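Per-chain numbering from 1; labels A, B, C and D assigned in written order.
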Amino acid sequence: MPYQQILEDIAREVAPLAGAGKVASYIPELAKVPPGHFGMALITLDGRLYTTGDAHERFSVQSISKVFTLSLVIQHIGERLFERVGKEPSGNPFNSLVQLEYEQGIPRNPFINAGALVVTDELMRHQPDAKAAVLDFVRRLSGTPTIQYDPAVAASERQTGFTNAALANYLKSHRNLYHDVDQVLDAYFHHCSLSMSCVELARSFLFLANHGVLPATGERLLSASQAKRLNAILLSCGFYDEAGEFAFRVGLPGKSGVGGGIAALMPGRWAVAVWSPEINRHGNSVRGMKALELLTTLSGESIF
Amino acid sequence: MPYQQILEDIAREVAPLAGAGKVASYIPELAKVPPGHFGMALITLDGRLYTTGDAHERFSVQSISKVFTLSLVIQHIGERLFERVGKEPSGNPFNSLVQLEYEQGIPRNPFINAGALVVTDELMRHQPDAKAAVLDFVRRLSGTPTIQYDPAVAASERQTGFTNAALANYLKSHRNLYHDVDQVLDAYFHHCSLSMSCVELARSFLFLANHGVLPATGERLLSASQAKRLNAILLSCGFYDEAGEFAFRVGLPGKSGVGGGIAALMPGRWAVAVWSPEINRHGNSVRGMKALELLTTLSGESIF
Amino acid sequence: MPYQQILEDIAREVAPLAGAGKVASYIPELAKVPPGHFGMALITLDGRLYTTGDAHERFSVQSISKVFTLSLVIQHIGERLFERVGKEPSGNPFNSLVQLEYEQGIPRNPFINAGALVVTDELMRHQPDAKAAVLDFVRRLSGTPTIQYDPAVAASERQTGFTNAALANYLKSHRNLYHDVDQVLDAYFHHCSLSMSCVELARSFLFLANHGVLPATGERLLSASQAKRLNAILLSCGFYDEAGEFAFRVGLPGKSGVGGGIAALMPGRWAVAVWSPEINRHGNSVRGMKALELLTTLSGESIF
Amino acid sequence: MPYQQILEDIAREVAPLAGAGKVASYIPELAKVPPGHFGMALITLDGRLYTTGDAHERFSVQSISKVFTLSLVIQHIGERLFERVGKEPSGNPFNSLVQLEYEQGIPRNPFINAGALVVTDELMRHQPDAKAAVLDFVRRLSGTPTIQYDPAVAASERQTGFTNAALANYLKSHRNLYHDVDQVLDAYFHHCSLSMSCVELARSFLFLANHGVLPATGERLLSASQAKRLNAILLSCGFYDEAGEFAFRVGLPGKSGVGGGIAALMPGRWAVAVWSPEINRHGNSVRGMKALELLTTLSGESIF
């Protein structure tokens, strides 16, 4: 079945799931997003684009931005990052302090919030203006110079982000944060506030499906080994405490955000992004997960 | 045996324990205290004072101040406090985030750090200038208007108090902190920086041995039932995760601080304070605990 | 107010609490007990007995038996027991495996189930027939040679005691159980099945109120220091994860059982037992706790 | 590079790692295995076999047997199994009781010991002689009717398997075990005692690389979707608390055992097994993990 038809079938099949989740409410600004949106975009390595629904509308990518920050840090220091952060699935909610305490300030992986704070802190050692660095990187990946942070979302997160402030302070108490707590949080909240469309997100994930090379320019961003390993972390840790469920039902490396977006990829083939703001209690988009499950079923493509 | 002789015997017996603990180092200012100090003061309800060693030298009372803050809050709102904080022993180190997460933002008791932050926050609802309120209360209790906060200790704690900042932010994320995180921390760190001598501390605990009435003035500060219950919390929770050990070896309600002080009391008889800066890995003074164990053994007095 | 009148007032005051708890159902045999019972007995050191309600009716003492086993072991090896078991409050339900795992097979105190299994195992080293030893001890304490185990309760517990079997096996895996798992469980379940009345229980606790000496015979069972320390453990650990609440509301060393019994004591004065089968979610008798709270309030006696 | 050469290069490269791990000692019978062994076998879907070292020597497959039990249960009841056991990575050691307690008797995945006990229990509902069923299945998968359980290993594990007995009892206390604890343990310990060579193991994993069809006979054992999902669980959960590390370094679905074996597969291509008895502190073969890492590096094949 051609991808375009697959996407349209998916859009039809997931429509009845409207209402099965809830728009994220812990950040007031996110709670304003209308729940009904659904968009999906798939781009092949050779540049063919398939879309359905609100694939061109921008939304808050939230934790999906952690993939960009991590890629940049891997560019700078490679696997030395893993002296400061683990790469094991967490088995706990994304903002758990418990795990951090038992593991004495070493976050379990780069995609739980504590891990992403460490990654941000590490990025700041190499790129003091970490906000500009990530924005620039995403614009290059997507070929879209108009991508912006959403200052209202960043400010909203800052005003209510007490759990992240707790994590950052705790990391600091374990000497696993070099910079000032407030500066790290400021960069982190900005990264999360990136506003992108499914098309832009899918395009930004293509280099991970292409063994580290950005297809549009031929530029190598990561070594093949680094790209493979980043994909492994995405598969193991990309979906909070539903990583196993996602591997089981979908079987693709990917990353979700509480804004309702998910970006994923099939190595050697394509990248995909889907957006639907209603999330389940684990923080993952209900229609988004179903859409990707249908994609691998209907296309017969999965890494397993 | 008369109390004076008991105290002198104790001073002699605990001397060989010098070096068995370590001066608290996590607050740089505390680390400067010479380890060799030992002082002890016992005051009976009828006002007789017995001392040995450095009983008149002031030191940083640290967590012992939590008894003063708690007493003030009990004066204001009584047991309604216990909607915001528990009264069970913690079984975990004093600054554990784990417990706070499992119990969803309700600290287990008022003497772990998270609990003391909630108590401080509650005090601020009734006495906006919580720093002045505690200082004034302690001066009244001890009859010593010269007692002061140590600004160097407060500042030192503030600069390195990332764990407490993590706890305060986490409480805030669970809506169990009404005031601004920084304001609560500022009051809390000042309370901990109180500088008092054993004589002053022992005098300040007399009202708890006297069913809530300050012996020097006859003023009732707590009801008899409130004083009894506060003593119960001291026995259950006053020694971090060594509360059971302290009950077992000593058998008195009391409270320790990482500055090496311990204040305790025998209901209906006397209050006592001891100071020796070397603490064990649980945060309790090594010579202080031994001194109080000897006190109950030699005097034959204990609540059990 | 004379004790007899206090007990009658208590009986009247706690009556309306009928229905506020539930009879323990996890052991089928216990679930058969009619919920309406209430009995209470207080005995002074000089032998005066006061009773109300079903004070002479026998019931399953369950965990209260742990005090007898522990006393016997303390007789045999004193404080060396505490190399195998701690003496800190647990802050967790009485049958928690979590704590045992974090503390690598050393139960936190002798009154959580894991701790009592270790105490039973230790007793078997000194008294191979641990069932006969405890029965004999209790008969001596209470001066009542007719006290028996209830074989139906012991059998019922054995058939459904999978959590205790889990704990015993886990202790064995940490080499903190010398005897065969099944033998230890058999002794333990028999001890729990002891059937005693409030009068018999109160009499059996008198030696702890009398600094280790059985008042009826003048026989010293524990040294004064041992009795004091056992009382300290009772206060810290005698009520599962409500030890703090009990210290706060009642303020006496004591021990509860899921059969609805509680035995407690006022050092130097008296011992008391109360029975009412409806327990709260922590495993403690609802009317029993209230009765003891009223006892300390109305008599004005408490260790604090 | 041809597979044969890759295997020989690997054998040479991992040789210096001898001594970097330790032979499993918690089962006395396993501790007798000489540490020096190294064997490896790779079989392609079209039946070509490549071997190096001790590839034909049998060893105790231990936890690798969990893949066979799970496959059989999936054959019988499909995904309904996942009402009794999760499919999320555990983030804890393979025999953790903590997780089981927090998740109220639902093991996190089928490959931690508690999960495998539930899978065994489920198998017994459909194949009362679960020992014969697994043995028969493995003989069919490998085309080797001589495969046997090792009774000495099974007996050794039974005598020392107190942690597994604790887990089984705990599952029973949560009503997540239908059969008698001893019967389930007996079947489980026998499954773990399977004695197989690398060649036999690799052959037994081929159907998972072949979308559920046994290549030798063309027989469909699992649906394509079931095979894909089983592979996902292998990747997420197959290596105790090193699943992330294995995905990161190797990037293949697989399963390890404390006997030092690892079996893995490349979907659509081949299956592989490696054996070297020295394991790291996570229970995974040191040389085995390195060998598989080199295999994906030298062959350029990985699912990522």
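Note that in this section a contact is a pair of C-beta atoms (placed from the backbone, for glycine too) under 8 Å apart; a residue touches a chain by one contact, two chains touch by 3 or more.
Computed from a prediction, not measured in an experiment: that's the story for all the values here.
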- Query: Counting one step for each move to a touching chain, how far apart are subunit B and subunit C?
  - Reply: 1
- If you take the mean of the Cα atoms for each chain, which one ends up farthest from subunit D? B
- Message: Taking the mean of the C-alpha atoms as each chain's centre, how many Å separate subunit A from subunit D?
- Response: 32
- Task: Provide the C-alpha centroid distance between subunit A and subunit B, rounded to the nearest whole angstrom.
- Result: 47
- How many Å are there between the centre of subunit B and the centre of subunit D, using C-alpha atoms for each centre? 55
- Message: Residues touching two or more other chains, restricted to subunit D: which are they?
- Response: none
- Can you name the residues of subunit A that touch subunit D in the complex? 86-92, 99, 108-109, 225, 227-229, 231-233, 235-237, 241-245, 247-249, 251, 253, 267, 297, 302-304
- Message: Show me the residue ranges of subunit D that touch subunit C in the complex, using the header's touch definition.
- Response: 96-98, 100-102, 162-163, 165-167, 169-170, 172-173, 181
